[in-house]
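So, here's a batch of structures to check.
In the two complexes below, subunit A is the common chain; its partner is subunit B in one and subunit C in the other.
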Partner chain A sequence: MSLYVRRGAGSPTDAARWSRRRDVMTNLRSVIGRAYPRVIGSTREPSWVLFEVLLPFLTTSAFVFVYRALDAPTEYVGFVVLGGAMSAFWLNVMWLMAAQLWWEKDNGNLELYFTAPIDLMSILFGMAVGGLLATCFRAVVVLSIGTALYGVTFSVEQWGLLLVVFFLTLSSLYGLGMVLASLFLLWGREAWHLTQLMQEPVYFVSGLNFPVGRLGFVGALAISTIPLAVGLDALRQLAFAGGVASFGTPSPEVEALVLVAMTAIFLFAARFFLRTIERLARREGRLTARGQ
Partner chain B sequence: MTGLTPSFDLGRTEGRGLRETFRGYLTAARIGWAVEANWADPILFFTYSVAKPIAAALILVVMLDIVSGGQAPAYRRYVVTGVALWSFVQGGFAGLAMSVLEDRERYRMLKYVYVSPTTFAVALLGRGTARVAIGGMGALTTLAFGALVLGMPVDPARVDVLLFVASMALGLVAIIALGLGMAAVVLQTRQDSWSYPEAVAGAMFLLVGAVFPLAVLPGPVQAIGLVLPLTWWMEGVRRSLFPGGVSAVGGPGSLFTELTGREAPDTPALLLALLGTTLLVTLAAAVAFRVSEHRAKDRGLIDQTSGS
Partner chain C sequence: MPSIPLAIDTRGIERVYKAKPRPITALAGVDLRVEPGEFFGLLGPNGAGKTTLIKILTTLLLPTAGTAHVFGFDVERETKRIRRIMNIVSGGEQSGYGLLLVREQLWMFSQFYGLGAREGWRRVDELIEAVGLQDQRLQKVSSLSTGQRQKMNMARGLLNDPWILFLDEPTLGLDVSAARAVRTLIREWKGAVVGRTVLLTSHYMAEVEELCDRLAIVDRGRIVAIGTPADLKRRIQRDSIFRLELDRLDGGASSLSGLPGVLKAVTASDGSSTSGGARQRTAVKLVLADDNALGPVVTALGQRGSQIVSLEKSEPTLEEVFVQLVGRSFADDSEDGGSDTDGRGSSSGTDGAMADPSAPPPPTAATERMTEDAPLAATGLPER
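Then we have the complex of A and B:
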């Protein structure tokens, strides 16, 4: 029998009591449901390939040419290419996750999310999955074309750790995105400005185009608080083993542990904040109405 | 009869000439400023307006210092001025397109703006003005930061005021014209186009020698850069503020030097190139906007939100 067939219940409380399996299945369906429009939407108008993949590659190229104008070693060009690829994930987290609940509120959908019998984390996870297709495509394009065009040579000795660090970076980034999604909603209509504020300043302190260790205390602070900074630094050390990338920062193994801690902390905080906004929305009727 | 005048005020449908157009422009500019600044927390707004360009400049300064060991002050001036000026481009170029997107997708007001007595392009220009002003604020702050913190003060006695004023005036016209062209594009897009203006601006960042001389680019790419007014605008402003600095256009290996045999363009040639390319871009943008507006009206795109 289907999980979704209505069964008679003695009371509203009984009706609301779901089995674990039904709970999990409903949340999985909501992940797919929220990812679906993003995936399908991207096939409806292919202009995004030009505007969101090829043109941003040119922006990354601008930084490559800065190093070229300075006759910098090729390794630095590699840093820019890697940074350009990873910035795609940061932008995805900022625009398509952190700002999204506020955006849904503006569109009038947020009330539906709060009244639906699903966890908000499923909705946010669905957004992430849906946005990942285009983001991964952009990252791969920047990485592959950048590597081929600008003659970047990677020197990887620990492929396993590289992959682990990459996925840990993504999980901590999306955990942070969930935290910010609820905070942006609480802070009201400043979400747009906040998202803008989280671009260049974060790129700078995270050392997007140069080894973050060069920033001294600021770099150390970034490594202990911003997943992009620590993830990028670890990836750089692993992708350009034995080079200048390891200047003044912890080893990739230590940074992987930092990422594990960040993932746990951000997911826990996200759960707490999402519960808080859910409570405010359901019990006090706040946050969900457009213009509030 | 009620005693009310029976004659219909034609001015309500046909407009009341330049005065009314200017009033519409001012109103749109005020709305633009309100949307951008007044509705935001002032501290956050200030931080956002200033932190972005300063951080962008710092990224490049650190890159520069890592490689040169702080031994390239001329290039540092070049980079910081380029980033400062780029604030105008980000504000002005993206401003008009973002006005279309915000009014259509977010506030759902575009159709009302369109049927109002003010010409649509004038309303958009007004909205874009606020962003140019914010961009100007970012540019000034970045230059001040460069002078006070990064050790690259502007010597007022050496500033070529005439060149500065002429370059800025033409450059701003060019930025607004390019913005109008971008607005024409997003009037047609039916998908999530929020990132488009910034993406195009980012691509131009590569082409106009904002942070490195064009000579490092391949020849055909340099040719594209030389056709864009922003290249000449930046060259003009840089030269007016820091005479004798690094040239974005000329120098060894540049297409300009190869074609003209000169190290760098002289000031009259620079202004002439800026004027010519600005006229070209303005004309192209006006035509593109007219065609786009006509097509959008014809296909009902003005009030069709994409739900993005």
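Then we have the complex of A and C:
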């Protein structure tokens, strides 16, 4: 059988020596490898579609009706629909991404990731990319249905910047997801409960359903700390140019820079926590063991 | 000469776990040298420290003291190098994602081990065939039986064609035929290329005896004996172990253990001759202080009305070696609470102290729990 023929290097010493290129390629392939089950999973898991499409959509609709009843400016309906679409990513980060490594510990995957010749960052990165791709579909669904159903009209002047801000919002969101995933692994259930508690307040100060500029100082604080808040505010300013969204918050260019900074900080933090985790795991014999 | 370094070389490895009432010493100074190309076994009861040693060698855990090298690479500092040339498969492994197809899951892992995208698919298909999962290749991972699951895990462990394969109780919880299939696979893979090295842990004597060139008996964090199975058995050759077949035995084997010179008396489970015939026979294994103790036993049996159908002096088994060296059997150990951190429960007990080595142990409470857990573990995940 061909299986039983050894290929490659002639000695274990040679086999253990990889070129820089092979090392990098393996890490890149691992990102794809780890993203793969996420993307595949989204096609095989109808219940999550329900959770991630229907739920944001219902919340969105509720706010649409409230604003209509209050005779709010029509732009507000657009804000809500956009917020609903972006909340799909937020849900994905908070509910799936954050707890993922922790789950992976339980079924022994984490141990295998540790013993694979790759950086744990690649795995975390793959999770993020996979989650992001899978959720894009859901966000698009919420956005299209909402737009069609409630007659939202966008007025975009800077398409390029809009796209850049969109991707920066996602990168900072998933960067936060990577940080949370490693923190959960470190602190377990307590961290999990904490984020769940945080969900509603975060929604509120992120201005998921209204322009965050209305919150004054609290809004400004949110913009400087929560990626969802900055991203949404910038997206609104860009998608509804010249409207009320520009009131009381920095320009989208400035907010884009904030998002860049957040992404960088989150990625560094995630890497730092992962290193800490690996060190602790090897020293304490804790984190990779099951059922703890 | 610049020869290939030892596959495994540990010096004075100790490992202490921080634990609640007091720290647990899992390894208390292990010196182990395994040559490239060896099939080496670690045999010991639950809690002996086997998994801990494997974790240290696979770079998952640091030793508290001592040094360890795998093919010359330091487990503490040269982790990446070691990870490129080894792989590990554990019993009851639930790795991967239940909603993936077998083929997809293996491909995913191939990407972590440095195979190219297309190379990965090719290798996955080869391995699926080699482990005999062709019919399941397009089945969801969560739908596999325990035995199929472990075959898939084995395929995963072979994806990178490791120079050293660590197998931590690879047949744990498998039924007889699945365990045999896994053992055959391991043996064939190992035998096919000179230089492949395997370190296998087990608490099944028969498994170690069948597969390993050399083994170390581990107990309470120490190696108590090391050598080939034949070497180890020769050490207790001077002992007198007899296998008796009786037409009947009132009071069971234990009624003989009180007799002078009898160190141990147990029912042997290998009564192949009893199955076909109409008569019920009982096979008993006796460990005697020396051959002279046999006389009084025969006399005592006669007085109780038992007739001896056959009598032969037995080859010692590894279990007997263990009993001799450690002063208790595997089964005893689990009774005094041989702790188990893998959450797999105690797996000895039914694995009777002197059960026939050719009969793989029946499923235990632990294995039942494990198979029950499998679907749960598979569905409890965000990514199933």
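Just so it is clear, the second predicted complex is superposed on the first by the 257 of 292 C-alpha atoms of A that agree within 3 Å, B and C clash if a C-alpha of one lies under 4 Å from a C-alpha of the other, contacts with A are read in each partner's own complex, and residues count from 1 in each chain.
Quick note on the criterion: a contact is a pair of C-beta atoms (placed from the backbone, for glycine too) under 8 Å apart; a residue touches a chain by one contact, two chains touch by 3 or more.
A quick note: this is a predicted structure, and the numbers were derived from the prediction, not measured.
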| item | value |
| --- | --- |
| Contacts of A:Tyr174 with subunit B and subunit C, given as first, second, both or neither | neither |
| Contact breadth on subunit A, by residue count: subunit C or subunit B | C |
| Contacts of A:Phe240 with subunit B and subunit C, given as first, second, both or neither | neither |
| Touching partner for A:Gln199 - first (subunit B), second (subunit C), both, neither | first |
| Touched partner set for A:Phe125, first subunit B, second subunit C, both or neither | neither |
| Contacts of A:Phe210 with subunit B and subunit C, given as first, second, both or neither | first |
| Partner chain(s) touched by A:Phe266 [first = subunit B, second = subunit C, both, neither] | neither |
| First, second, both or neither for A:Ser11, with subunit B first and subunit C second | second |
| Touched partner set for A:Asn107, first subunit B, second subunit C, both or neither | both |
| Contacts of A:Trp90 with subunit B and subunit C, given as first, second, both or neither | neither |
| Residues of subunit A contacting subunit B in one complex and subunit C in the other | 41, 44-45, 95, 106-107 |
| Of all residues in subunit A, those that touch subunit B in their complex | 41-42, 44-45, 47-48, 51-52, 55-56, 58-59, 61-63, 65-72, 76, 91, 95, 106-107, 189-190, 193-194, 196-197, 199-201, 203-204, 208-211, 214-215 |
| Interface residues, subunit B side, partner subunit A - complex | 39-41, 44-45, 47-48, 51-53, 55-56, 58-60, 62-64, 66-68, 72, 75, 79, 106, 189-196, 199-200, 202-203, 205-207, 210-213, 216-217, 307-308 |
| Footprint of subunit A on subunit C - complex, ascending | 4-5, 7, 15, 17-18, 36, 52, 55, 58-62, 71-73, 80-88, 90, 93-97, 99-100, 104-105, 107-117, 126-127, 129-130, 158, 161, 163-164, 188-189, 192-193, 195-196, 341-343, 377, 380-384 |
| Parts of subunit A lying in touch with subunit C, wherever the complex brings them together | 1-8, 11-13, 15-18, 22, 25-26, 29-30, 32-34, 36-38, 40-41, 44-45, 95-96, 99-100, 103, 106-109, 111-118, 123, 281-285, 288-291 |
